[in-house]
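Chain naming follows the written order as A, B and C, and within any one chain the residues start at number 1.
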Amino acid sequence: MGAMQQAISSFTVPTRGKRLYEFTDEAARWIAGSGIGSGLLTLFCRHTSASLLITENAAPAVQRDLLAWLDRTVPEGAGFEHDDEGPDDMPAHIRSVLTGTSLQVPVESGRMLLGTWQGLFLAEHRAAPHERQVAAHLVGE
Amino acid sequence: MGAMQQAISSFTVPTRGKRLYEFTDEAARWIAGSGIGSGLLTLFCRHTSASLLITENAAPAVQRDLLAWLDRTVPEGAGFEHDDEGPDDMPAHIRSVLTGTSLQVPVESGRMLLGTWQGLFLAEHRAAPHERQVAAHLVGE
Amino acid sequence: MGAMQQAISSFTVPTRGKRLYEFTDEAARWIAGSGIGSGLLTLFCRHTSASLLITENAAPAVQRDLLAWLDRTVPEGAGFEHDDEGPDDMPAHIRSVLTGTSLQVPVESGRMLLGTWQGLFLAEHRAAPHERQVAAHLVGE
């Protein structure tokens, strides 16, 4: 058993509209180069109108259905008081809270313990292009 | 203060239909045998159609009401594009994203710092039986 | 690089009705005094009718819109079976599950890596006053 250590980094996810953006491979590469073989990965979205989530990464229809459900359930034009930045402003905040700001994934033998179909996604809830920052923390040995 | 260390394990939760399955006791037993008395527990669901959540574990009606609300809010037969595995397929993915893939609980004196009524649950969102895998990570001293 | 260590503490958040209560500053002060300069902060709500979330902390209308959306989407008087403690009992449990029990924030140079507009909030989902307990864990060096 080695001594416990940690690594901290960040990813930039450029977004072009309301979609899911997978970054599983970037996270996997960072872990592989970190010198930490087993431990816990945490990813944190530094924004309140984008979020992080894990869902199926094989069928693109899953992502479309998820986004369509969010569109229906937290609709634009629902009479929100806060609309400083347009009709997608407040729905983006609510959708971010519902889907969450951070992810955790245990790591063993240098690999995330993801299930077969699990991918890591940044969910962009604003229509305009953004450069989203994801902070990453890995603790282990 | 002892040296920091970690432990990694996994639980199997057999499911028989759409319900909550409590696994608080299994987690508590694993912590008790880990040799780590204080730290942070993380639990991770390795699936995209089941999820992990913490809710009241005293009144069974709470679990029924929560599931009924999910049934109404993410209904089967809502015209989802993705239905490869039947009408409960896509609702299961959305319900999993809403309720979340991982849990974290601080640990002190060998026990999770749960509130009086808090229990750890795996939420099964598919009708068919499954063997669900939950990865567990504990860091502490 | 220093040796890894951890700190555990708790905050009390007194609540007076269904609102968001920001505790970003309390968390920041605790980190500053912990002796840990970089690492991972975890916050855990020890209740099933209050939750923790991160959202915009500049415009108060964001908080009102978020709460109003929760009121509409998980309405009181929706015929819940569980109402031992009144009409806000079961909606409080569901809203807590939706918005989440714990938060994680990476820490560097003694500060949380929050985005410009991100604040840490306890969401109170019950009408009556409560003293809410938030457990805090920090691992790092």
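In the analysis below, a residue touches a chain if its C-beta (ideal position, glycine included) is under 8 Å from a C-beta of that chain, and two chains touch if they have at least 3 such contacts.
Computed from a predicted structure; not experimentally measured.
Residue numbering shows that chain A and chain B use the same positions for less than half of their mutual interface. Note: Cα superposition of chain B onto chain C, rotation of 120 degrees, nearest 5. Inter-chain spacing, taken between the CA centroids of chain A and chain B, is 19 Å.
Across the assembly, chain A contributes residues 3-4, 73, 98, 100, 104, 139 that each touch 2 or more other chains. Those residues of chain C whose C-beta lies close enough to touch chain B in the complex are 3-6, 8, 10, 42, 44, 46-48, 73-74, 78, 80-82, 84, 90, 93-94, 96-98, 100-102, 104, 133, 135-137, 139. By the touch criterion stated above, chain C contacts chain A in their complex at residues 1, 3-4, 38-40, 53-56, 59, 61-62, 64-66, 69, 73, 98-100, 103-106, 108, 113-115, 117-118, 139-141.
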